[in-house]
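Chain naming follows the written order as A, B, C and D, and within any one chain the residues start at number 1.
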Amino acid sequence: MSKKVLRLEGIYPPIPTPFDAEGKVATNALTENVRVWNQHKLRGYVVLGSNGELIMLDDRERLQVLETARAAIPSDKLMIAGTGCQSTVATVNLTRDAAKIGADAVLVLNPSYYKGRMTPEVLLRHFHTVADASPIPVILYNMPACTGIDLSAETVALIAEHENIIGIKDSGGNVVKIGDMRRLADRDFQVLAGSASFLLPALSMGAVGGVLALANIAPAQCLSIREHFLKGELDQARDLQVQMIPVNNAVTRGWGVPALKAAMDMLDTYGGPPRLPLLPLSKERAHELKAILRKAEVLTETASKENKEGW
Amino acid sequence: MSKKVLRLEGIYPPIPTPFDAEGKVATNALTENVRVWNQHKLRGYVVLGSNGELIMLDDRERLQVLETARAAIPSDKLMIAGTGCQSTVATVNLTRDAAKIGADAVLVLNPSYYKGRMTPEVLLRHFHTVADASPIPVILYNMPACTGIDLSAETVALIAEHENIIGIKDSGGNVVKIGDMRRLADRDFQVLAGSASFLLPALSMGAVGGVLALANIAPAQCLSIREHFLKGELDQARDLQVQMIPVNNAVTRGWGVPALKAAMDMLDTYGGPPRLPLLPLSKERAHELKAILRKAEVLTETASKENKEGW
Amino acid sequence: MSKKVLRLEGIYPPIPTPFDAEGKVATNALTENVRVWNQHKLRGYVVLGSNGELIMLDDRERLQVLETARAAIPSDKLMIAGTGCQSTVATVNLTRDAAKIGADAVLVLNPSYYKGRMTPEVLLRHFHTVADASPIPVILYNMPACTGIDLSAETVALIAEHENIIGIKDSGGNVVKIGDMRRLADRDFQVLAGSASFLLPALSMGAVGGVLALANIAPAQCLSIREHFLKGELDQARDLQVQMIPVNNAVTRGWGVPALKAAMDMLDTYGGPPRLPLLPLSKERAHELKAILRKAEVLTETASKENKEGW
Amino acid sequence: MSKKVLRLEGIYPPIPTPFDAEGKVATNALTENVRVWNQHKLRGYVVLGSNGELIMLDDRERLQVLETARAAIPSDKLMIAGTGCQSTVATVNLTRDAAKIGADAVLVLNPSYYKGRMTPEVLLRHFHTVADASPIPVILYNMPACTGIDLSAETVALIAEHENIIGIKDSGGNVVKIGDMRRLADRDFQVLAGSASFLLPALSMGAVGGVLALANIAPAQCLSIREHFLKGELDQARDLQVQMIPVNNAVTRGWGVPALKAAMDMLDTYGGPPRLPLLPLSKERAHELKAILRKAEVLTETASKENKEGW
């Protein structure tokens, strides 16, 4: 099997899991959101990533979200399912379930609880066990801000030798590492930028696209940065990239999932409340967020939901 | 309800969850281990802590371990159940289950996945929601080496205002913070050292005892350090404390749960394999570990299992 | 030469270098301050430590401060001179000058600029070169908050094999390491706590005293903590220790040298301005500081300078 | 005065200070090295940066190096002098001396010893005081690996409001920050990449060039990366960029100044020994380094000094 079978080039939003007022998974809202996003030339979706609150969901809810998403995502777009758990066997089980439901690939976050024990050897064994068991291709997921562990280029290259491991979403922001992964791993190994804040520099170092929280609320802009880059229009790419930084900060490391969901509510999608312990964005913060969205032209007269209450 | 109802003074091993060769929970071994530890004047046990591989177990296994432990722990010793999950509702559910099974208190690790969002406000809401819902007293669990978050004394003092939150297990090793928690929180708030490496200095700053991985393999020594301290025999306490540091390092931040289980196998208890992705201690490491145990007189001719194979 | 020749047991203030309104070294104020401190049973003084703004002084000023201090410090108290520079040869030169001026020992901070290069081998060579060249005993100085490097117990034990290296001031606050240094180094190797915030737990692990910024403004309390400890009065020691934490925080990691100097000005000593880039404490902060000093009874009616202006 | 008076676009090696076998500054070697580098289209040189071992030199040696360099650097190339000291007044004095000697600009590393005190206010006052006093333009220098402090984009933008502060050398490697500085500071504010490992992504985010240790040993390759980028030849730029990463790592965060000097000795320049506590590269490391230089084609038959001994 060649790693080129599944080409990842493109932009993916890691979609939030919507909850209703009682805290239950709002499957209708999820379906509706995907319908909105489908209007853009996104390559696909990541379901049950960090923004999908995977770790907040119980076993049943995880399958419910995957099934709902699969039904809503057209077959010409990829569905990538987040399936990384702390234990290897739990990761394998969720991976197999995702494949059965029809995911095109899985995105596997490294285990991280016993940080001192997560040696290259342990990680290699974990990922290769998962990749052996997975009926669909595996994409690594490096997310040091959540896991406290930053996979090195050397470790990634080692793990990437498995033929069923086709790429990585790297949210660490270290662009030198992206270059290093290119140097050390097979040329077919595909790197996706894990945050819109460094999309352009990641592309300049050889990334093939990105899984970007920002693509949930500004898909057109994310797609444009990449298109400008591909056309060699670096000045335009950079201007848009720089313009998006404050928006991206607000909905990622700044205020996180609550802000992303609030921004979605300000636009033409359903955000709703996060699950506890995450608290909804305060009114004050929501006002600041709105100003940031306006300044960056993500929120415009036409894009906003005029009658939305609460913000 | 006064916080003094449940007095925590004393030493607790955070007991590992034994697995058999097929990776299933070995309930008989768990029962047998507790029988061995019951010979010591331990105040009780922490079940499903970090050394109990809580995060590796599925829902059913967690209840199985709690039930097995409860049956084996005599009523004059405390059973403290680890119930901290990433979501508040999951934590509440496991806490209620633990109470039903007969736990005397719960030990609740803070959620940590969305590190940037774990503000004092979020943590306060989370812990108070759990404490409101819990039929039994709640003990906070601060474990920065695993969570990447170190609860500040100020945040702990704030959370500790809830009458059903009676203490903290602090594994961070910052003894100034132990003093600060004494200063800022109510005098009834009880601090337990989270590692044997700083048991004596923690006691000197007002800790009432400890939840110590080392107490699984060297309960007598852990108890002695505290007894010497209580009698004012500081030189003896210090000598024993210093003697235990290398053993403690080996089975905690050095080589972790695999080494703790290996050490148990060298002694009169069942350790067995950890669950993947954790790998069993290599033979080379096991030899080093044995030497460390011998040098510190934790492993002696009488204490070892002579016919044990594999080490 | 035996390491026991110079016994370090006791409490030392690391004295600030006073500057006048023009920013010049205020030698008279230095002399006067030492006269005030001499009334206490301090074991001696550290001159040109971090609080002495060593790195702010030019070569001439360093000698001026050492000479002034030596003249003011009685012969029954130790004068320990800070002489650590980034280059080995500069450290040797300042060490020799300090010896000529009459220092009893030198306190040598490790070089730290090229952090990645400060391997055990490099540090060993550096300290042994200095110790070979020094006519007086050498005390290591570990100060991770300023250097970004935390010397490990293993490295310290290796360096401590030199007969002219008699101890360490450790400001890192890791009391397990204090125990480990006791275990790994020669019994004659003397550990001094580097901050009053962990004086008691450090003593409980075998430290022989402390170099404490707090001793500049609360020498009696620092001495009392140690005396209570030596008499086995742990409760009293702990109460005083805990009471001092907020004061200590304020003048060390909280607001630093500017706050220490401001506190000195509120008491019976001369603090004066720090040297730029350090800015004097703002009026708001000074009010907060005064309240902290009052609450901890460091500042009382009799201790304060009633007619002091500006605070 | 407009910030555009001094245009920084281009590549600069931060040149090492050569020492002879006795440890004295080898002025002839410095002159000769500059003569070699002058054959390339470098925009200029940084003298007395981190690779210039500024912090290892005494006052007299600093002036000696600046004078020697100035004499060797042609007037159409810029000489940028490193003048950052821990005290503001020392920084001002060295800055004025550098201007008198003929430096075109100064590169000022932020003070960092009292890390907790280096607030935006303190840093602003420091840099503005220096910029007020400096007869020549000031370039900020952010070097978290050495200082332990990473200047934020917000703080840099604030400091950059001074008309005599024209740019920054940023060695932190955070390319998002480079974009953010572009967004927050005046468009005339010029960013120079501080390491060759992220030259290309930095350029993609708007950097105008780089101060690159690698440019001491591979000036042609560093210049080519930028030229390819300016021509829109991103694939070629990326290939060369990726090829240079291991070389750059070896002479920077890998083995540092000793490796840079060793590599210079392997090529057509004089490296010589670093100053203690830095130790020369071991023979084993030097062999590894040589292999790395060969593999990346930095060291070729024509480039190497065939009769060089010791490597």
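Basically, contacts are C-beta pairs under 8 Å (C-beta built on N, C-alpha and C of every residue); 3 or more make two chains touch, one makes a residue touch a chain.
All values derive from a computational prediction rather than experimental measurement.
Touching chain B and chain D at once are the following chains: A, C. For chain C, the chain whose average C-alpha position is most distant is A. Rounded to whole angstrom, the centroid-to-centroid distance between chain B and chain C, based on C-alpha atoms, equals 37 Å. In chain A, no residue reaches two or more other chains under the touch definition.
By the touch criterion given at the top, residues 173-176, 179-180, 182-183, 197-198, 200-206, 232, 234, 237-238, 241-243, 245-246 of chain C touch chain B in their complex.
Listed in rising order, the residues of chain A touching chain B in the complex are 23, 50, 55-59, 86-90, 111, 113-118, 121-123, 125-126, 129, 145-146, 148, 253-258, 275-279.
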